[in-house]
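First subunit A sits with subunit B, and in the next complex the same chain sits with subunit C.
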Partner chain A sequence: MVSLRIEGLRKSFPGVVALEDVSLEVKESDYVVILGPTGAGKTTLLRTIAGLTKQDSGNIYFDGHPVDRLASFDRGVAYLPQNYSLFGHMTVWDNVAFGPTVQDWEMRRRDQIVREMLNLVHLSDRRDAFPRELSGGMQQRVALARALATRARILLLDEPLRALDARLRMELRQELRTLAKDLGITTLHVTHDQEEAISIADQIIVLRRGKVVQVGSPQEVYDTHQDPFVANFVGEANFFEGVLEHSGPRNSVVTLPIRKQVVGRPTDMAQGANVVLGVKTDRCDVKPGHFEAENCFPGVVLRSLFLGKRVTVEVETKVGFLKAKVPSDRAQFASEGVEVTLRFPPDHAIVYPVPVGGLQAALEVE
Partner chain B sequence: MPKIRTEGVSKRFGRIVALENVDLEVREGEYVAILGPSGCGKTTLIKIIAGIWRPTEGRVLVDGRDTTRTPIEERDLGYVFQNIMLFPHMSVKDNARYGPWVRGFRPEEVEKASREALELVGLLQRQGFLPAELSGGAQQKASLARALANRANLLLLDEPLSALDARVRVELRYTLRRLVKDLGLTAVHVTHDQEEAMSVADRVVVMRKGRIVEVGEPRRLYERPRQLFTANFVGQNNFLEGRVTGVRDGVAAVELRGGLSLILNSDSLKPGEPVVLAIRPEHFALEPGPGTNILTGQVEETRFMGSFTRHRLTLENGEEILVDLPPEESRLKQGEQAKVFFNREKMLVYSRPPEGLREALKLE
Partner chain C sequence: MVSENRQVRGAERRKALLAFLSKERTIDAWYLFVLVFFVFLVLIPTVFVLSFLYTGWGDLQTFVFAKADVLAQIGSAVGLSFGVALVVTTIDLVFGLPLAWFIVRRDFRGKNLLNTLIDSPLAVPTAGLGFSVALFWALSPAVNPPPLSLNIANTPFVLLTFLHFTTTFPYMVRSLSAILEQLDIEYEIAARTCGAVPVTAARTVTLPLFRAGIATGAILCLAKALSDTGGAQAVLQTARLFAIQSQNCNFTGTPSGTVLIAAWRTIGRACAAEAGQLNAGLALTAIIMIVLSISLLYVVNLVATRFRFPLRRVWPGVERRLSYGAPPVGRDAFAFAFLALIVLIPSFFLTGYLITGSTSLGTADWGTFAGSVGFSFLIAGLATIIDLTFGVPLALYITRGPHRRLGAFLDSLVNVPYIVPSAALGFSLFLFWKPLVDAGALPVLAVIVLAHVGFTIPFVVRNAVGALEQMDPSLDETGRTLGAKPLQTFRRITFPVIKPAILAGSIMAFTRSLGETGATIAVSPQAITAPVFIVNLLNIKTGNFYLAALTIAVLTIASAIAMLGMRYFTRGVK
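Right, the complex of A and B next:
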């Protein structure tokens, strides 16, 4: 299996820059998720790695060797596009055997790999079925087995679960990771779904408007968001705009326009700077009644949205509209119109410079 | 009088039964979500309510009138499709004007209705745009404005968010619920996404294989699902099969495979009865509490999942369970033996299904 390195990749289409100076590294056998909204350049990036799109500039290396001059076929990649289609007139077996057959493998070796792949995706007993006789999840597995049957060194998955039901996606995403790990294959998986990314990735690469905005483990991306966009895209966040009052080794203090102060993690920005403080909604809590203390915001519940395990409580406060996503058995009191106080611990609040172009533009998810 | 009532609605396409004997009531001003996996019949049902399709048997009453044979153009409702179906050559504003115009509103009424609808979805500033110039989320808002401009008080939403990015979907859920409630509409919303269903709806109808499995308020469905299928489809769950070994004073002892034993509250169980126990991953703790049961297992994997940390444990009997803990409380390490506790009141008990557990839970 291979490691992957990309340096200064750039690709534009008439009128659009799809990728702008993208550099990244993927370790051998890692499961990496490329996460971003529609139009971020995710698919272009995958297609360029697969050799199906030619970059304007920049280089791609597999195990340190440049592959830019290699045709897609010679790169040893298995690419599963978003709108894959199975061969409808061929059985499951023949679909999976397609790659090895075209590549003229010896029959015994071909049959063995097809058997292995079908085993891997739990479809051995459906080898003679036609795609239309299978459920959506099974078709997805056949497509995956077909992509893998060519003995690729790197697996590229473009929104592999998009067409499936939400509940089924939760099962299949674990299967995907397990499969890739069992094979030890280096994998890049593109998605717009942050929950999917967090639940299966070793590393997440957050892409927005053709640029890499953050790279890190799920926990790093989730807890140490580098800018307001990441804070709000990977989960959901509350933001406070104000002026940096003080910053010390243990915390920083921001004064809001209503002269209230909020406390967050330390920052190296200068006192007096215009800043934004961001905190994830699920690091916020609500308690019944009104009280004033550090990072407490009294208000009234506008609405509670029940999500099952959690409830999103929307609170109207003096600084505006804030949300807290809390375990549902701890928020039964929070019905519409109830007085509550929203609060959060300072060590989950991060202070950023005010984004160029303003906070609202920086948060846009489309 | 309910706003919508379906009576014994069935639909067959050749030999395939898409809906079988569906009785459903939607009250005036209620937001109802129809939730189920692909192929469960939810889309067929909403299309029959809309008058796009006719049922093979049964009838549909809207405001007490039988509308089974009323074509969609003559029905007083707004419909939003999964695949955004705006007129691509018309501006957002002209799209919103279309419904009122077709319905023969006077010109000044057409203007007023379309303007109000665009204002409600926050698209007044972009009313001159063509659909292709908008993002997916904004296009779906324009579709919603077009449906609202009819001033119908019944809104039918057929997978309205499925084509959008996950993050955009979350935003639009808020918008949908707020609009429906502010305008006092009756809404039926079809989705395969359980979180979406629970967050928008007053009541959720769970469907499977052409039939209604269960109907209930979101919290009830999540906390006290009556059917095993619901317990698995609406949120994740751990299922353990066992047999009742004894019952006394409303407390039953259940033996799991491999001789493990758990205690649960029940008045109705009989010794010897085969059962399935369900316990949600988030109901485990590392400390004992009141009414506690203990399970012991080896930690196979721990994984940060954002608002919680997920642990996969193999129990002494070889079965696997998922245990979710707040990240700050999670101190289990991969490879170690761990004890996890849960309150027996949180555990649900079902009779073992005749078709077997796997079949009862199957998602497709």
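Right, the complex of A and C next:
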């Protein structure tokens, strides 16, 4: 299977820049998830790699060979669009056999691969059905089998689980990853669902408004967020705006407008700079009663949202609304109106420069 | 061993051919060829007659502008055409709207039958509709009319108006229904839940969303009424309001614009001395009709899309009373009465004549009868084949081509030969190809076929474009990523999906060509297609009207079979 490298990809449509200087590298057989909100440019990126959209500038390499001059049908890329695009006038068998048929494979070899693929996705018994007779999950599997039957070198999945209900989504995403790994095929999986991304990716590439914001393992992207947007998009975060008081080798101190200080991870920004301190809500904790200590914010519980294993407690404090996501068995005291103190360890608080355009704009998802 | 080698070499040659055909440059060349064909063989010849203003200015001065009577003839003919077209379209709208509303919004048994009934006049060639309408409404001294004929209309304007109700009403109802069906009834329901009575909701919410349907319907009706030659000629001749007298190099009575063109062409064949005079008059008439019809349609489009419906004022009391009880029932009743008495019965009235008038058959020219029918089928067949060969690639270019704006422009250009009155189109082509035809390098049949291609290719292109636009574009793209070259994508993915639409378009093209009179005469008065045979028979005082009726019947049955076939093929395909 094949490695993928993209350098400086740029693509504009009238009135909007879809991709701006996008560069990334995918190792062979890696399962990479491209995560981002709507309009981030994820679909444009996939289409450019597949050769369906021509980039304005930049290069794409498969295994070190440039493919920019190759037409779609010569690139050997399997592209699965959002709505599956199954050929309605053909049966499941004919759909899956389409790639090998138009590429003029020898008949026996072709039939063999079709059978193999249908087995792989557990649809051998529906080979004579038409797409309209199948459920959403089955259609998705047919589309997958069809894409894989061409023995493509790279698999591009455009929000493959979007149309499925939540339960099915959880089951199928693992199946997708297992399938790709078994075949050793290099995969780019696009989604806006961060839980999906974290659970199946080898690497996550966070895309926002056409730019790559962060690249890293799920752990890195989750815990070592390099950007307020990533902090709030992957999971949820509390933010504090203030002035960097001082930064040392072990921590940094930020003074908030209310004259309170918070402590976070070290940073190399200059003293006196305007900064934002962000901490994930599930790194925050709530304790009954009011008390003052490092990184503690006394307040009153506004409401408590039960999520099953965990509870999101919304607290009204002197610095505004803060949220903490805590295990439900430890938060039974935190009902509406109760006095609590929210706190977080400095190790998980990250300091950033104030984003250009303001914090609110930087967190916007649209 | 040897055969295996041959198989391998054959497969390799196929592969090489496919690779060559899929090269971007080959595809570009093919599109260029189709484009050039359309522009140079269809579009330019259609408007070629406009150049006569420059090249034939001298002739125009001498033969037309200097002669008040000729100018008067042209003026009154063109005025008659446009007046009738406007009146007919307006009334069509008044009765068509409630009818379309009734059909789309209500569910009832026999809806299919009603739809078929409304479309049925389209199966009759317009010359036949002219004959039938004249039998019903007018005093026709030469014909023993069947029982129940009314004989109340005797002026050209009124008679032509009654004729064009039958030629245009189906188009109006179809256009309105098509758009109404697409309109989400949810909007109207939302308005009703806010407290609006049905009439108010329809007027303020649905109707404005409806403009496209009204514009399309109006344009189709106007174009049809302006363009029709055979029907007008037939109705006027049968009612003895018009007759061509080739021996006197003149005609009697009042023709419409396109009938004037047909008349002068027919006379010109017999009276060679008057050729210069007649050609100048023909050219001017054709030019005026082309320019006016294109302008009129542009204006209609503008008005329909810009017209500001009165939305601010609401008259709750009046509109409530109009929404329930007697008024809506009365309105629907009137619409159905219009359909039955003014459209359907006059269209098929000649059946009565066929049954009762067989004694007047006498000695019939069966040879010409059979020949004319065969000739019509030949021309229609050739035109349809050319329509498909060039229309489908044209549609592909418009929808999937690399230059979208050029595609949209092309889309509007394709409608030009359809909007231009077919007799004017025919005469323009006649002038354009005259040098080649006179030199014997081009057979007249080719020019006739090209003329028919002009006004039928829009059916194929419009249908194909519609189907292609409705089709999910990602289907093509997915095929490409799976390794299918452009030709393979078209053959295996696109074509199966658009096949029903193409079939429907080609059937519409075929039946339209079968019924055409004006263009055929304008290109060559000697070409006796079936509709030409009919109007020739109706021209003579002692003409064999019964034979004409038989010819009409044959064409109608052929068209009806084709239309029913089309219904069958497109059934269940949205």
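In the analysis below, the second predicted complex is superposed on the first by the 365 of 366 C-alpha atoms of A that agree within 3 Å, B and C clash if a C-alpha of one lies under 4 Å from a C-alpha of the other, contacts with A are read in each partner's own complex, and residues count from 1 in each chain.
The criterion applied here is as follows: contacts are C-beta pairs under 8 Å (C-beta built on N, C-alpha and C of every residue); 3 or more make two chains touch, one makes a residue touch a chain.
Keep in mind it's a predicted model, so treat the numbers as computed, not measured.
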> Just subunit B (first), just subunit C (second), both, or neither: which does A:Gly184 touch?
Replying inline: neither
> So, does A:Phe233 touch the first partner subunit B, the second partner subunit C, both, or neither?
Replying inline: first
> Is A:Gln194 in contact with subunit B, with subunit C, with both, or with neither (first, second, both, neither)?
Replying inline: first
>> In the overlaid three-chain picture, which partner chain does A:Gly136 touch, first (subunit B) or second (subunit C), both, or neither?
In response: first
> Where does A:Gly8 make contact in the superposed view: on subunit B (first), on subunit C (second), on both, or on neither?
Replying inline: neither
> Of the two partner chains, subunit B (first) and subunit C (second), which one does A:Thr312 touch, if any: first, second, both, or neither?
Replying inline: first
> Among the partners subunit B and subunit C, which is in contact with a greater number of residues of subunit A?
Replying inline: B
>> Quick check on the superposed pair: does A:Ser72 touch subunit B, subunit C, both, or neither? Answer first, second, both or neither.
In response: second
>> Let me test your reading of the model: by the given contact rule, A:Gly289 touches which partner, first (subunit B), second (subunit C), both or neither?
In response: neither
> Within the complex, which stretch of subunit C touches subunit A?
Replying inline: 11, 15, 22, 24, 472, 474-475, 477-485, 488, 492-493, 496-497
> Of all residues in subunit A, which touch subunit B in the complex?
Replying inline: 37-38, 135-138, 164-168, 170-171, 192-196, 198-199, 217-219, 222, 233-236, 280, 282, 303, 305-310, 312, 314, 325, 327-328, 365-366
> Tell me, which parts of subunit B touch subunit A in their complex?
Replying inline: 37-39, 135-138, 165-168, 170-171, 173-174, 177-178, 192-196, 198-200, 218-219, 222, 233-236, 280, 282, 303-307, 310, 324, 363-364
>> Touching residues of subunit A toward subunit C in the complex: what are they?
In response: 50-52, 71-73, 75-79, 81, 83, 85, 87-89, 98-99, 102-104, 146-147, 150
